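Below is one structure. I have some questions about it.
Chain naming follows the written order as A, B, C, D, E and F, and within any one chain the residues start at number 1.
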């Protein structure tokens, strides 16, 4: 019966909670308006699934360049839903799986979700789930077909499901036939703005003082960042990579700002 | 003997009944003349199979863009036939099947149908049954060959069979050699007409009053929908997607019409 | 010994008889001179195999567009041979076979035939036996190689074999290397002539009176069929499809001729 | 010891004798000088293998269009060698073999031959052994690699081996890397000469009298055969196909010559 | 518990120590400034992993032409880290592994590393791990996908990991989607400078006296090396190959310098 | 211990001795200066491996057109080394091996060699080991990857290994990524010189007298061989093929020189 079903669901949920915390352990920095907008839109879909009887299945896509924060945002929305079943489906746990094993693992998560009245599944990093490589291109057609069906298959009567998928390449998905598959597609942009940049520096306390931060920003501006005149270096970096560069720079206390600048220039921006 | 055969058929029928109800639970809205014409033409083929001795096998195809209502219409025609054997063959139940398993499952449904004097099989979503992807293209040739044979194989003496297949892409089927395979091909168009649109809004009671509906329609017309002058946005949406947008819009009671409009514009029409 | 061998052959023959009747249950309508010529030529090869000692193996091909009557004609010639071993090799009985299973099944029929002094094998629908699809193209090379060898392999001493193959595409066979493989290739044309058309209508008694038939033909002629002026619709239909359209039209007793005409026009001729 | 080895060889030889007789049961007609030249050249290689100590391995290729008589000539040379080990390696006995089974069967014949001091192996119909199809092209690379090695691998000390391969396409072999592999390549031409043609007709006694044969030849000449002016039909037919046409023509005693002529014209020469 | 975990790690470390020594047994010659810079940068990343809490995973790539010293440098950095878990993942130990075996072996090393608080894994020779060949191109997609995931997968809480990968072709990695995967990419250049060259000659004592070395260098300069005028031979050789040429030259004591020069010219520089 | 290890090695060596003798049983004819140079260079590498501590692994390639004598030369060098472990790795012994079996067999020879302090492995006929065919091209990537690793993998401490590979196509190896893999690449040219030709004739005593040989050479020169004017036939033949032609010619004692000439012309030189 239903209570038993919920019991069955508990452990799965428990496991997921840990997985979710793992991917958001660096937190969300509100460095730009779109961060809040994305979280709020996610919340709206959480509500729709909770209340509408006509749409027991809603699927959305978060897409954006590598390291722009897709996984952390998807996990945050899922975690905040408060649904009894929350699951992160990630290639991290499927290294070495054969194609049928991958399909079985994916299918099982969807089947498990049907035991809960309300579920959210984060399907993270579609390219890696699909074993996608641009050479060929090659990919797992059996995983692709499974996802195409699962993203459109209505849950059984009385069950509701929200799917949040993430991907680094919108155009690959279109080529593979995922267009028209999602109820909504949301873009997660990289940091391309000197103010967002400054916001992050401040938040992670790379410098001891506000003056230190301002100095660093001034140095970047001098180097041309933020000028946007078609010739100067362009700021275009995922928050994940930026956090990594910051930690590198932190290793040389004497020349933090210089190290940061040269790393940014080294990325070929 | 025959009575035993019918007994054997019963459980299969029971299962299918549930499956069929699942795909038509939102009902059929008669938003345009073609809806009734399609249902009536379907009924004619149901009759032909019931009475003609020279054509114990008739196969038809419902094709149209994603979400235009193919599955719901096919299921409705099948359900209304009153035949003793009605079965929905859908990729939804075959996630993770290997190619031989798929072929075996498909073949079994046809073999089962031969136990009943009159049968209808809905073969839903040919592209997914075929594991079709445009990259390559890749598809399951063994499923394809099985379908090509099964769609043309006469049932044994004294048995009659109606096949209703659905597909989102007529041109793929032609490329794969399905042309000449169907006795009739029927197109299921999307909604491209402001009156059909209004009909749906009214039916699902998105607004409390007829005035609310009229207001929303006026807003769409102002935005250019329905003008058809080559520059204004074109109305072109499957009824399935429209029902989904409506439920989304319903989440913001203060700005239902605005939300609907922006969603429609967001689809790039 | 020989009598035992013949005994072994009996059951196989019995099975085939039923299969053969199945594919010719609608009979042969002598709607054009080529129908009789094809049957007579077939009979000549039947005789050659019966009497010539130098050619214990003769193979012929019936090819023509879909539904032109190839299977029915091949089965009729085989059935009329009166040989002790007659077998229909058809993809209908091999749905879901793996490639090795297909090759084994085909090879077995040839091995079985060697037990009889005189045998005829109808190898029906080469494209489906070969799992042929134009995309790629893809096909079963192991079935192809088996057929290429079997169509040229002499039966053992004292055994004689007639092979009648059918195919909807002569050019595919040439591409695959079947040219030079057959002792004779016979074309089975579609109906492209208003008199053949009338002959069929009369034979199947679509109308109660000769006047009804004449009326229908007149209606077709008015629509341009049979004019052959490069602009009018061209008559070009397999007898199988024509019989199917006729049964459809029969469902609307009030407008039989109109229904037939619109169906023909709907085929895009 | 050697006597035992010869004993072991006997059964293999016995089996092959029957196979060889099977492919030359229609005999060799000496319709042109090249027939005798080919047989004599074959005999020379038989001698070389018998006597030379420096070349214990000799391989030759007979190539020519389909039905030109390659298999019959190779079998005749082998049969006339009088060697203690004579074997026909033919695709006819390998229908349905997997690639490894084919390679094993081929390898076994070579291993068996090493038990005899003098051996000849006819490797018949390389294209079919290789599962060659021009579409792709596709072929068995493992059979190809096995043949490339076996055709160049010296037999063990004290053993000598003559290999006679046949093929319908010299250019395919070159593409596959067989060039430089054979010690000698001999072409087996089709019949392209009216005198050879007449020779065959006489030999098989298609007509009761020399006058009948002369009449037929005159009829062919009237139709343009043998004129060789770039416009008339060209005589170009394998002796195998010609023998088949002759048997067909024999079925109509009243119009033997006419039937022969129309069959030749039907081949599109 | 933790102590047990460390115990488990010990043997793995022991084995690796031997492997590491094997690849650096010829030592590091400090023939150019970049050698020290590379070692120092490596040391910085070793520190970052040791102290930063925000970046428990850092991955770097050493890339450069064949034989430029990538493996020796990576092993030297890893060996000098003093981490409790140091492992060389090399194709040398995986000859004949199937794709799943390779993935399992790779995955196991990463799983093993998670038992240690601090780990460094040298992933040597990515092209060979990936079974890369430019013809096709062909490569193991399952190994590729495993590496793409493993290079980005955060170690479990409380564990830190440094990955040092080596590759001879940066462009292949970019094509395969490895760009953005590494925190830093460092180039290991070949020897292209006559002073570096002289440094190596001196270090390995090819000549008994400094005069001998100077003579050899003079001979090279005469031959045009080091002139860099677009026409003279260009010096461009990996230190590994240079050490090999030196040993060859050493075999002819009478003409060491001549042999070295002709070998260099023979490389087509 | 070491003595046991050597014992283990003995049988392998014994077997190889026989294999080596098999491929050089026709001996080496010193028909041109390059023959001795190649043997001497080989000997130098044998010495380098014996004495240098810095280069425990040396690999060389003998490449040249089919039949130019690569295998015989490689075997001669290996045989003359006097090393305790000498092994011929040849496709001749691997007919019908699957890819994993081939890799295992190759890997085992290298593993076996590590038991001996000094080893030489002849890796004969790389194209056949790789199952190479130019159509596609197709080849065994797993054998390729194994060879790429094994040709660069240092033997364990205290062990030394010389690898002598042979190949008929240098360009294929470059395409496959073998460039930079060998310490030295030596070309084995065909016979393209009338004096080398005469040398061989004399050595094998095709004619009873020097006058007979001179006559034959004069006949060749008259036919234009050796003129090298761009129009005359060019002499270009491997010593292996030449020895084969000579044995053929020997069969006709009356016209030895004529037969030789016509065979040479028949090769299309």
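Miscellaneous remarks
Quick note on the criterion: contacts are C-beta pairs under 8 Å (C-beta built on N, C-alpha and C of every residue); 3 or more make two chains touch, one makes a residue touch a chain.
Small disclaimer: the values here were computed from a predicted structure and weren't measured.
Centre to centre, using the average C-alpha position, chain A and chain D are separated by 68 Å. Chain A and chain C have Cα centroids separated by 59 Å. Chain centres here are Cα means. That of chain A falls 34 Å from that of chain B.
In terms of inter-chain touching, the protein chains here make up one closed cycle, each touching precisely two others.
Listing the chains around the ring, anchored at chain C and oriented toward chain D, produces C, D, F, E, A, B. Across the complex, chain B meets chain C through its residues 44-45, 47-48, 51-52, 54-55, 58, 100, 103-104, 107, 137, 139, 141-142, 144-146, 148-150, 153-154, 156-157, 175-177, 180, 183-184. Residue ranges on chain A touching chain E, taken from their complex, read 22-23, 26, 66-67, 91-92, 94-96, 98, 128, 131, 133-135, 138, 204, 241, 243-244, 246-248, 250-252.
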